[in-house]
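Note that the chains take the letters A, B, C and D in the order they are written out, and that residue 1 is the start of every chain.
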Amino acid sequence: MILVLEQNVGIEQISELISRLEAMGLKAVMSRGTGRTNLAVIRGVDKTTRPELFTHLPLVEEVIPFRHKFKLTSRDFQQEKTIIEMDGVNIGDGSLVVMAGPCAIESRQQILEIAEKVAAEGASVLRGGAFKPRTSPYDFQGLGEEGLKYMREAAKLHGLLSISEVMTPEDVPLVSSYVDILQIGARNMQNFALLRAAGECKKPVLLKRGLSATYLEFILAAEYTVSCGNPNVILCERGIRTFDTYTRNTLDLTAVPVLQEMTHLPIIVDPSHGTGLRHLVPPMSKAAMAVGADGIIVEVHTDPDAAVSDAQQTICPMTFATMMKDLRALGSVTGMPMREAR
Amino acid sequence: MILVLEQNVGIEQISELISRLEAMGLKAVMSRGTGRTNLAVIRGVDKTTRPELFTHLPLVEEVIPFRHKFKLTSRDFQQEKTIIEMDGVNIGDGSLVVMAGPCAIESRQQILEIAEKVAAEGASVLRGGAFKPRTSPYDFQGLGEEGLKYMREAAKLHGLLSISEVMTPEDVPLVSSYVDILQIGARNMQNFALLRAAGECKKPVLLKRGLSATYLEFILAAEYTVSCGNPNVILCERGIRTFDTYTRNTLDLTAVPVLQEMTHLPIIVDPSHGTGLRHLVPPMSKAAMAVGADGIIVEVHTDPDAAVSDAQQTICPMTFATMMKDLRALGSVTGMPMREAR
Amino acid sequence: MILVLEQNVGIEQISELISRLEAMGLKAVMSRGTGRTNLAVIRGVDKTTRPELFTHLPLVEEVIPFRHKFKLTSRDFQQEKTIIEMDGVNIGDGSLVVMAGPCAIESRQQILEIAEKVAAEGASVLRGGAFKPRTSPYDFQGLGEEGLKYMREAAKLHGLLSISEVMTPEDVPLVSSYVDILQIGARNMQNFALLRAAGECKKPVLLKRGLSATYLEFILAAEYTVSCGNPNVILCERGIRTFDTYTRNTLDLTAVPVLQEMTHLPIIVDPSHGTGLRHLVPPMSKAAMAVGADGIIVEVHTDPDAAVSDAQQTICPMTFATMMKDLRALGSVTGMPMREAR
Amino acid sequence: MILVLEQNVGIEQISELISRLEAMGLKAVMSRGTGRTNLAVIRGVDKTTRPELFTHLPLVEEVIPFRHKFKLTSRDFQQEKTIIEMDGVNIGDGSLVVMAGPCAIESRQQILEIAEKVAAEGASVLRGGAFKPRTSPYDFQGLGEEGLKYMREAAKLHGLLSISEVMTPEDVPLVSSYVDILQIGARNMQNFALLRAAGECKKPVLLKRGLSATYLEFILAAEYTVSCGNPNVILCERGIRTFDTYTRNTLDLTAVPVLQEMTHLPIIVDPSHGTGLRHLVPPMSKAAMAVGADGIIVEVHTDPDAAVSDAQQTICPMTFATMMKDLRALGSVTGMPMREAR
């Protein structure tokens, strides 16, 4: 149920109403838009609950049932797009945010060099894996905490925010102590314990779409995190698994307008995993911008062929620089500003 | 085998060489690029054929085996992009060609009205089905020849070229007597008799990708038509079938750069069938342009909800007009000119 | 609309009723089951037609709207399973019919040898392609009519029926003059002109499921043929295209019980194309029988590795013999008789 | 690397060799087959390691590189099938083991009743979820430990073993203290921390195939668990996600012979999730047996329509009883014994 409140209601009155609902055994979450305040009742109601239960409550102007299984992440509940503000970088505000860096953090030297390169071209966020989810137990599993330390140093030095993957609930505190954004990988999109742990964390969470996840499943995964108290979830389209194997995955750019219509969460695109082939990263990044994505996340390495993982889909700094120029020109037409190159 | 000829060889000498190859029981096709002339030997050779068989022939500078199963459609054979020139409309020359019109031709009045609207906004080609491939035998199967007559009239009146689908080899002469471009639909992508019949026709052919066709299968389908003598094939990405059913198909925009790399044929995008939902047509058209497509083909109807087929994915003239303006602005940055609105 | 007629109505009265319906501009098709006669009105009605239009007609006891888009092929119209009787071989009568032979007819000698082998083990139908649908225009396209002649000879000599693929409407008369069953391949499942041509032919038609066809699309394809006058269509599950590429296709055995519930047409399974790997043919054939298929169609060659096409999925006569013994034992439990070995 | 040891070598000598390898910084795991003992060196070697490094070691007769990325789970390393022996129930010994029970444990009464019914028909293992992975955070999440208590009581009372899902590494000790087999669900197939935690547990683990997992990814997931010290992994085919949505998933029975060829681990089939429709459970169970599965796991409820989850795919005790009789008859031909009904 969405309780649409009267206009110009003070925060104290709303708190009182929330307490009253809690006393009824319910849980309510508030959304304060520019003109409107909505309360979503997300626990203690089901299909059999009658709206009349709420219409007589003070402040409540209208009671609207949820149209979808997802609630807090829906546009019904919150019409305005979520803008995630982090230290000068806003995700979801109409600009194109660029996250770039190596697949895996390999050494202090490596991450420092790459951070310098991507910062110079206008990236805002440094990416790099320290805990790597690998298909085989015998593949390189990442540098762990050591890698996170290197990354933090590199990000700070070059004025970047940072993002890295977290694979288990227990690692959430550790990883979030080093990075600005937690990444939950495609394989863990329905690792519900992890989604909940990320919901109890204060850092923004980038959630990658599972290889065969429908839009509904994807949003419901985000709903796990948001309903646990963390509203700052960024969705990431990174390609789905189809019959075609020429590319590593099939990048589903239609996901961008569809998800923007269904949910208020920002949506970014990963053309590196989405295609698996480095020469396809620039054209698909341009397409991602044209279709209205809030950002892109790309794999960049100073020596792509020597990368310990994902070598085939990693671009070099020179390609990255050219691509950033093209995107900046495109953004001037589509009305999507980007951070300046330095 | 590709026979790379010496530079500055006259057409008569080449004809002589081709005759000589024919006398050896082979079939050779010529490609004259800006600097180079290549001959592709496409019949009478196989994996066991030794290149030395050709190296001693006059004019032959180099003999290169084909890397792929497709030959005449490959970039190995013809490096320059194919430009299809038709009465003032060039497909493949770096501009964005727009084909627009109803799913099915429903009446003279209908196609005349729609032609006027799309022409006014800068479309170059009028689309409309007269022979409709329908999943059920009980659905509307199209107006047939009558529809083609209406279409020809409408196209002429508004200075448009026309495209319509052909479903059987027998219908190729009839349909090609009315329209400028023959369309072969997704369900017929591997209707080899039809592909061959289109190869014996002189009109350009737009070939739609099958619902579950790999890139290789798609190009090999085009190879059927090209190897039968018709070099003017336009590839059309129109969405593939995946697990996701929110959209009718999954539009695979990565196909554009991939196919442009593998083949010299022009590639256009169909966002109407690719998504199946009208509000997704404008954003995906923009993405198609950003990724470098040579054109788009969209379903437009003056009263979309009343369209006898594909109503859900058909846009109205007003949406079309707005989209065309956005594309024109985008094209000014990406360097893709479009026909002016009138 | 299904018109359920009163019991014990004579054929003359029914003919009169059908004529009367035709005079109303409708087309009606009859199904005479053991106890019941139904008429399906398949042309001239749509969703807006009111059942009352028919309730007052003589003989009509009840009027039932079709639940599905498919009509003549539905269990609603004909409850009893279709049994196709051909010269001692019944398909759909509860037995397991085995069709076997090479992918392509390569020579008179080849087809004679293989026919002898498969007949000896209890196959009923000889399979073999004379017109081959090939992904590449440069691959072997079949022996054509010459191949059909060899096949007819081989089938006759060894007391087998025969089946071969037809690829175009024009070839239907030719192919049906040589073989007992026409095959329409997976790539042509929605070649509607071909489906109609097969509907005007008197020979049974085996229709293969398209690579990405849903059950509904598959049945509607059969409906094209049946609604054109040929009730003897055999459905064939031959694997669908999925993300997994270890096998050539993913054999969807669930199709068997699902299709048997939706339609009264017989359903057979092709484990050769369904898996693409010869060692998987025997286990998947057993599974096909256990799940209730009306038959199997398998590729057998006296020298599989030397087969001009589909070598990897073709079994040798010895494997075929062992498999047939296992199936016969299984059939004794599942209650599915098979033709005796000789 | 596989080190094939000389025949008739004592366990002490082997231990010594393993210690010696460990001193070299390697990790070796032993497989003692009927005639042969193999050591797999799984850590400290890579593609660049030369076999000669091992050929001079005592006891080593032959050194064979692994052909696949998976090692301990491969037939190369262990030729004999793994038989998991648990208190009178052997999985992988050629019999068909039946696991049955509700989707979710709903109450003490419910699980007691169902346990009685399935035990009476010859099931060996009671299934039931206490920790439920649900797509939506607002759906019933299971009874937790309370449910496990009920299940243990019901299983004991009726002489059944038990299986239940574990969703996080932290829950492994708790769940394994109540049940005989730990289940890892499809969504967690690549939850690597969970796979490792299960590897450190002593109880057998049933690993379900992910919705879009290839065979290789599936086996590598099992390799995580086995390489952490738990050799008793049971693979479970439970349907993959394809374009077809008539059934919940597409049951891929070909997985059974393919996986049996690639790995020595037992493989069971879940026709309930594999089809999502209850009337398809019996035919697909028969097919699973015919194709050689080591067992099946089915959802049974005394009142299927009232089940809190998966109602549509759950069968009633009567259907279960009929199915068990049919399977028993089939097993008598295929040579797969089953536990007697009581």
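Heads up, the rule we're going with is that contacts are C-beta pairs under 8 Å (C-beta built on N, C-alpha and C of every residue); 3 or more make two chains touch, one makes a residue touch a chain.
As the structure is a computational prediction, the values presented were derived from the model and not from experiment.
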On a CA-centroid basis, which chain has its centre farthest from chain D's?
B
If you tally the C-beta contacts for B-C and for A-C, which one comes out higher?
B-C
Go ahead and note the Å separation of the Cα centroids belonging to chain A and chain C.
50
Rounded to a whole Å, what is the gap between the Cα centroids of chain B and chain C?
35
Which residues belonging to chain B are in contact with no fewer than two other chains?
212, 216, 241-243, 245
Show which residues of chain C lie in contact with chain D when the two form their complex.
212, 214-216, 240, 242-247, 250-254, 256-258, 261, 274-275, 279-280, 283-284, 286-292, 329-330, 332-334
Which stretch or stretches of chain C touch chain B in the complex?
42-43, 69-71, 133-138, 167-170, 187-188, 190-193, 211-212, 216-217, 220, 223-224, 227-228, 241
Residues of chain D defined as touching chain B within the complex:
212, 241-243, 245
